[in-house]
Every structure is written in structure tokens, then in C-alpha cells.
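What follows is a single structure, written as C-alpha cells, with notes after it.
Just so it is clear, A, B, C and D label the chains in written order, and each chain counts residues from 1 on its own.
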Amino acid sequence: MLLLSCPDTQGIVAEVSHFIFTYGGNILDSHQHSDGESGTFFMRVEWSLAGFKIPMEKIHTAFEPVALKFDMDFRIHFSSRATRMAIMVSQYDHCLYDLILRNREGETHADIRLVIGNHPQMEEICQAFEIPFYHVPVAKKNKAEAEARQIELLREHEIDLVVLARYMQILSDDFVSTFPNRIINIHHSFLPAFIGAKPYHQAFARGVKIIGATSHYVTADLDQGPIIEQDVTRISHKDSVHNLIMKGRNLEKLVLSRAVKLHLEHRVLAYGNKTVVFD
Amino acid sequence: MLLLSCPDTQGIVAEVSHFIFTYGGNILDSHQHSDGESGTFFMRVEWSLAGFKIPMEKIHTAFEPVALKFDMDFRIHFSSRATRMAIMVSQYDHCLYDLILRNREGETHADIRLVIGNHPQMEEICQAFEIPFYHVPVAKKNKAEAEARQIELLREHEIDLVVLARYMQILSDDFVSTFPNRIINIHHSFLPAFIGAKPYHQAFARGVKIIGATSHYVTADLDQGPIIEQDVTRISHKDSVHNLIMKGRNLEKLVLSRAVKLHLEHRVLAYGNKTVVFD
Amino acid sequence: MLLLSCPDTQGIVAEVSHFIFTYGGNILDSHQHSDGESGTFFMRVEWSLAGFKIPMEKIHTAFEPVALKFDMDFRIHFSSRATRMAIMVSQYDHCLYDLILRNREGETHADIRLVIGNHPQMEEICQAFEIPFYHVPVAKKNKAEAEARQIELLREHEIDLVVLARYMQILSDDFVSTFPNRIINIHHSFLPAFIGAKPYHQAFARGVKIIGATSHYVTADLDQGPIIEQDVTRISHKDSVHNLIMKGRNLEKLVLSRAVKLHLEHRVLAYGNKTVVFD
Amino acid sequence: MLLLSCPDTQGIVAEVSHFIFTYGGNILDSHQHSDGESGTFFMRVEWSLAGFKIPMEKIHTAFEPVALKFDMDFRIHFSSRATRMAIMVSQYDHCLYDLILRNREGETHADIRLVIGNHPQMEEICQAFEIPFYHVPVAKKNKAEAEARQIELLREHEIDLVVLARYMQILSDDFVSTFPNRIINIHHSFLPAFIGAKPYHQAFARGVKIIGATSHYVTADLDQGPIIEQDVTRISHKDSVHNLIMKGRNLEKLVLSRAVKLHLEHRVLAYGNKTVVFD
């Protein structure tokens, strides 16, 4: 499938669909969006490779003249090749379990290559599902070293997507820029409300009637990255902070897994601090 | 904008987008769907007529060769021409008010030509908004006559869309077949639960925890037409039937107005007892 | 019905229910909440006056010994006496219409005594529903004067509840303190996200996937008052600012009307910047 | 905590709260409901046993005079004693995992004593969490025998609550009447829509825009038992039956776990085919 963005002009859809048709491809799904503010055009086209006259490894090159003509950024993905995914965790296991179980049940089709924990507790779960676990402790004084080790592990495993499953550490700008728009985080509030630490405590103190969770790409600005997915749940004066945390867990699992699924299906295009989500 | 359905095959998107591009049109929005069961392909394309080289009145004819090639059913709509809409009512005013106010505030762009009531009560509201009101009483013995008068009124006003805003009468098959997929009803339950009369009483008796409303095209089978939109709201043991009716009103208004808006924007394609909704 | 708050201790429920039982009242509904942080106990008891041996006008005095014993703040309301409500508006009519229509249809039971507008446009609507409309223009230099006139009108009509139905002016601390926890505002965002002006523009710029609305009591701190009700709706990259405003209107109407209904049924107890909502 | 139902009359709340107060109990939470149709009064009172002058094992007897006076059905539960729960499964693991994980994380406080499967596949999961697994195959000809074995197992483990976690067999009336209002099932539709087999296929065929799940107590009538909890999720024409099944899994997990939690906290009172849920 093809994901592209370029300056908005006439004839893009015609040219792209003509390219696919000429080589015998059948378009299965197609989405487009035009951002009026920036004058940018976005497109996602999915077509069947059965009978397609260009071999997989040459499609990228074959498409380049079209891309050049419209000044396109583009990526081509094949559904036959699973995205290589890493999960980073601390001491909470609910999102980890959720991601692993959904993938095992076929809801997502990632190749979960490894789990990196800054605490050792999640090793047992990973063993049960036969996923390699690496314990990389992170402390203030060894942070640079620890990140170097993490990046090394991610590179060794040729990781395409890093999922922070309630990983409680802030990544350095260097780490983030190594995987641009390829690190997904779950923040346990309805951003931009309650940025930063202890959002459930903040929500309790403010007396809101609804709490939320937000999944976003990680950028250098904390909790400011492009939002992929959000959801909320109703609370009341009867809910203690402990209850908010319990209710929030459901949200965290749902919102993170939806965001990961959207990314794995190549439905998300990030631009600036926003996303286009073709679902 | 163009709405079409045809047997699914290769090259449809390419041909349609090529047609638009050739005559200088810029595609603003495009949706497609392929129904695997029936092998039917559905498409909605919206393009700008600014600079389009075919005059409005000739576009239909110009597109016919493409339609013929793929055995298409197709319709062409112009956003500059508002849909002529009639509203049929009985004694409840909440959906009537809602449709009129939303249209007045620019949320929808219908040309509301008339209101037909089988009771006289809604006349005052219509006068306040300067919409012609026709009182056509319906009783068992005069039903055929009354429907003949209603159809006559709808034809005189060249009505494109009939909205039943809690109109409490069942239309005859003849009436329904005069406006195929052009009559929208609001049923005050989450269909197919609680088909027929007094759904809130049925919901109360069953002890459900959620109630709903369903907007659908009217067909000869009562409450069986293609569903356009549904929504639900939470209830509890504390809610009396009266409360269900109150809470249900909100749903009825929201669901009916959303369905009408989707239809007015030509986003709904009905096939069999289902719809494709391109939103 | 009785609403009370007091320091939490043993025997409160027993004493209150004993008081009602002794004089022949039948408890219809009873809610309680204990706030662990502040050690405050809240209670709402509704009982039938049929056969109650104390006449209405003496119940307050009769209850005072119980109140004294537990150091209670308490209010007694009678469902037979409708709350006198004022609505303040600017140029948007959707919340005004919604409040009036719901009251007319029996969803709420307020006595809407007057509407005050800082622009003249809403007069016509008020006339149609036979509600007195007062035009009190507000400009920077006459603000104190204008507020004095508004307060005078509210006092003349013995107003219990002031509803700001998208009233676009900030009230002075003096105005606010004249009606403590008796002014309800609708803010068109999911507070505490997007405090202040143009929240839909802020939401669009941030790229959130969900927008909200918040109804709260007005306090001296802008948008910081105790939250009564919130709700949200899903949006996408396809939604322009204009669409957010349209979708937001539904939220504003629903959330404000729910908050007003809860207040009118005496189900809301404010404390600090929070509320207990007994629904 | 005390759960009771009795004919509605005056003085119940006063008497119950007086009983608790007299013996030094502090009421933590109290709910009541009066069903107008049947004239039945329902109440749930939770109080602290710290300083309560009646020892736990004698509270039941001590309360009997009050119960007798008002002709009450009543149950007394102690939060210090966990409910003994059994889970029955077939070949789907998502609800099983969900129930076990939530219990392990402290969201519920059941004592999960055993899992009974009519297929052997879930044994491995149970071993991982150290829960005894019993494989009791069920076929048409051995059904009576198999149920006898199941009931024997449930009795041996003194089971209070049986949860059918997508257990694909219909229980006999005898089995059901052995555990009245103590068997919770999850039906994968928004009841009463799509009763019976393959509800997702039914939903797909009907073209609904929302699917649901329903958790209810099992009675002799299939899918007709008192509903404890329901929830829904939005779908579209793009969703295949496979997608509905995937999306439905989330609902099944959420709705079943919420119903189980409500039951475990003794917040559900069933009467006729309805429930009162004090949450």
C-alpha cells in the first residue's frame, strides 16, 4: 500500500490510480485528505498485488517518476511483511498483556521482537509468551548509557515501531529523533488536560466528570506529539483516585491498542503536531 | 458530486478520476467501498467545478460513456442546488423544531418547502418560521385519499426528500414506492430490538440498561428499511417509562438530524436492506 | 427535599430518617456521600409531604435542632415550588432555544422569568415564547453600570438561578459573589483543556480527536468553578474549525441542559471547586 | 453489608439505620429504590464493622426481628470474605484472561477457585495463573452426566458465583435452578436484538451501525434473564463479520467484567426479569 503527502494540486488521484491500473493492480481502498491551512494533500491507496506486473522490490523505483512530478513524500508497505515492534515497559503489566494478547489473537499483525524493561518484573510474562526480554535499568546518572544500550537493541532487531506501554521514563531528544514518528506513547489523561505527572491525581483534584487517555507519537516536547487516538470514560464524586486509576487502565489499554493497530495498518500520517488517520 | 455503484472490477477509480482530471476538475473528496458478498463497488467523488470544462447541465451526458463501460448506476448532485425537503409530523414537536433550527443555523442546507401534519397543532411553529403547513387528517377509512393528497402536495413542491419527524402513521406500499430511498424515518428504539409500537414501554418491561434510536429509509417492511444512523444512551432501574421517553427525545433528535444531514450531503447509498455511509 | 452537608460522624442517617419517620414522612429517595479528604458528609433526602405532620412553612424550623446537633449546612426545597430562572445571552440562540423548549416540554420545571441580552437579537425568540426580554448592552466603559442594572433585574424577579447560555461576557467578582453557586455557565471545551477564548480553534490547532463541553458554577476564577457536567464527541482530521463549532453546539446544548436539570432537581452540592451530583 | 427487598411502606430506612446506629455502626454507603409497579422496596446499606457491638456471626440473627417486621428478604455480606467464583469456558480465551488479570490486579476481589472447560485448551492459561482446571467434555448424549459432574465440582468448591466466559453450551433448567441468580453469562449482542446463535452474523446481515454486548443472570429462558450490564460500539459498512467479532471481543470483556464486579460488590438485586443495580 502507498502512503503519500505532497503540495495540493490537480491530477494527483488521477495519476496515482492510473499508475496502479496500468500495471494491473486493483484498488481495494483509497483515502485522501487535503489540509487547507498548509496546502498539503494526503493519500493512502491499498491495492491487490495479485496480477500486478511490477515485482514487489521494484515498485518503489517504478513509482518515483510520479512522486517526482508532484514533489511527493511517499512510503510503500506490503501487508505480507509484518512490522517489527518493540515494547518498552516499567512496572505496570496491563498494557503489555493487552498488546501481546491482541496480537496473538490476530487483532494486530505485528512481529513483537523484544520487550525492554527498566525494571525486571515483566520478564516472567515475556517468557510465558516466548518474547525476548531485556532488562536495561535507567537511573539519572546512567541515562545516556542506558539509552545507548536501548537504541542498540532496537537497531539489532531492526525495529520499525517502539511502543511505550506505560514506560515511566522521559526519552532524550536524541532517542526520539532516532525514531521519528515511530514511537507511540500512551498518556493517561485527555490531553492537553493534565499534562505531566500524576494526571489521575490532577483530575481528582479538579473534580472533572470525565477522564481520558491519549495515544500520540513521541516528540521532543513532552506530551505535545501528534495525537493518534483518544477516548474517555465517565466518573463521579464517588470515585477515589484509586478508582480513577482502575477505570483509567481500561482506557489506556483500549486507546494504546487502537493507536498501535492504526499505525500497523499504515493508516496514520503525521504532519506538524497533528495526524491524518485514514480509518 | 458523483455517486455510483457498479459490479466490482479493475480500473473504475482510474477511469473516474481520469474523467474528472481530463476536464480540469480538482477532486476534493473521494470514498469507495467494495461489498465482497454481492461483488458491488460503491464510490462517491466530490470535485470543484471551478474551471471544469463541461457545463453543469451536460456533465450527466458526458459521463454516460464511462457509466456504460462499467454498467454503473450513478447520480450527479450539485452542492449549489439545495435538496427540496418535506417534513411529515403528528403531535410531537421536538424533531420538527430540531430539523428547522439546524437548517436555519446552517448545519444543513435543505430547502424546507412544506410541512404536512395529520393533526393541526404544528401549524403555529411552521408559521413562526414561515414554512407552509398543510393539515391532512388521516383516519382508517380515508387513508388512501389522504395519501393521494399528500403525494400530490409532495409532487407539486417537487420534493426530493421526505422526513418523517415522529409521524405516527404507517405509510402504504404505494406511498413508499413513490419515493424509493427518499423517505427517512426515526424509530425510537435500537433496531432490530423493540420493533413496532411503544418501544420505550417494551424497553422498560425488558429491563435493558441502554436505549437507542434508529433512522432508516422507509421500505414496505415496517422498521426493516436500510439503517442510516443509530445511537444509544444509558439508563438505569431509576428511570420510569416517562424518563425513557424524555431521554429518548434527545436521541431521536440527534439521530434523525444526523441521518438527514448525511442524506443531504449525498453520503448515503442504500443497497438491499443496508447502507454505505461515506462520512 | 432536604440537602445537607456537615462534618462526618456516626448517626447522621439514623437521625435524619428518624426525624422524617416520626412526623409521618415516607422517604422516596436518599443519597449520601462522604468525602474522605475533607471529612465532610453530604446527604440528599426526598420524602413525600402527603400525611407529613409538620406544615411546609415550619419544616425548616422543626429540623433546626437536628442540624444544630451535627453542625449542618442545610437547605429545604419543595418540588411544588418552581425555581425562578433567568437566562443571559449574547448572539447565539441554540442554547436559549434548547432551554426554553425543554422546559416547555416538561423535561425541566423552571419558572423562566426573564432573559437578559447584551445584544438585541434574541428579543424575537423571547416574544414567541412570551418571556420578558431585557436588552442591557455591555461595553468596557459601562460594565459596572450594566451589571448593576442586571443585578437589579435579577433581584426584582427574585431569581434563584442564573444560566449563562453562551453569554460571551466575563462577570465581575461582585456579580458572581451576589449569586454564589447559583450561576451556571457552559464552556465550550472539555475543561481544564482549552481554558479561555476560542476553544474550538485551540482544539483544531492541537489536533485532538475528541472535543467536549463543560458546565460549571461560575466563581471568581475564570473557567475554574465547580464542574457539574461534561460530555464529549469524536472528531477527525476531516473536521474544519467550522465543523467543530457545529458539532460543539450539540454538546453545549446537551451539557448545559443536563446541568440545569440537575440543579433544578436540587441534586448538586458544590464544595470547594468540586461538586457532589446525586443522580 | 446488607441487601434487602420488601413490600414498600413507611419507616424502613429509619428502622434499618436506627438498627445500625444503635449498635455503633457507621453507615458508609446507602442506596434505595422503590419499584412503583410491583410495590417493592430495595435497599443496600454498607457500614463499618469497626466498633460494631454485634459479632459478625450474630448479625444475621440480630437483624431478623427488623426483617420480620417488614417482611424482608435480606442477605448480609462481609467484604472481608471473598466470593468463591468458578469460570466456565469453551475455546475462547479473551474473557478468561480478562477476568483473571483484573482479579490479579485488584480490580475485583474474587476467590477464583476453579475453571471448568468443555474443551481442554484453556488448561495452559490456568496453570500459568495456578488456578485448577477441570476438563468436562460435553456432548449431546452425555450432557446430563457432564452437568452432574460440573455441579459436583462447583459444590465441592462451595462456589458462590458461576461466570460463563463465552461458554458455548446451553445449561439445563436443572443446572440453572441450582444456582438462582448466581450464574452470569455474556451474550455477544445488544439484547433483545439478535437473540440466539451467531449474533455478529445477524448484525452484519441487518446492517446495523452499532453492535453491543449484554451480561445477564442465566434463567431457564435462553437470553431472557435479568440484564446486569450492556454496552455498545460503533461500526460501519467497512466492517466485515470478522471485524465485528474483533470489535465485539472488547465489548464482551468490558461488559462481562463490569457485571462480575457489580455482583462481587453485592450491588445487584434481581427481581422478575430485571435488576436493580446500586452503583
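Rule of thumb we're sticking to: contacts are C-beta pairs under 8 Å (C-beta built on N, C-alpha and C of every residue); 3 or more make two chains touch, one makes a residue touch a chain.
Not measured: the values here are computed from a predicted model.
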| item | value |
| --- | --- |
| Chain separated most widely from chain B, comparing mean CA positions | D |
| Winner on C-beta contact pairs when B-D is weighed against C-D | B-D |
| Between chain D and chain B, distance of the C-alpha-averaged centres to the nearest whole Å | 41 |
| Where chain C and chain D are represented by their mean Cα positions, the distance between them in whole Å | 37 |
| Chain D residues counted as touching two or more neighbouring chains | none |
| Residue numbers on chain C that touch chain D, as the complex places them | 9-15, 17-18, 20-21, 24-32, 34 |
| Sites on chain C touched by chain B in the complex | 93-94, 97, 101, 105-107, 128, 246, 249-250, 254 |
| Residues of chain A defined as touching chain C within the complex | 33, 35-36, 190-194, 206-210, 212, 226-232, 236-238, 240, 272-277 |
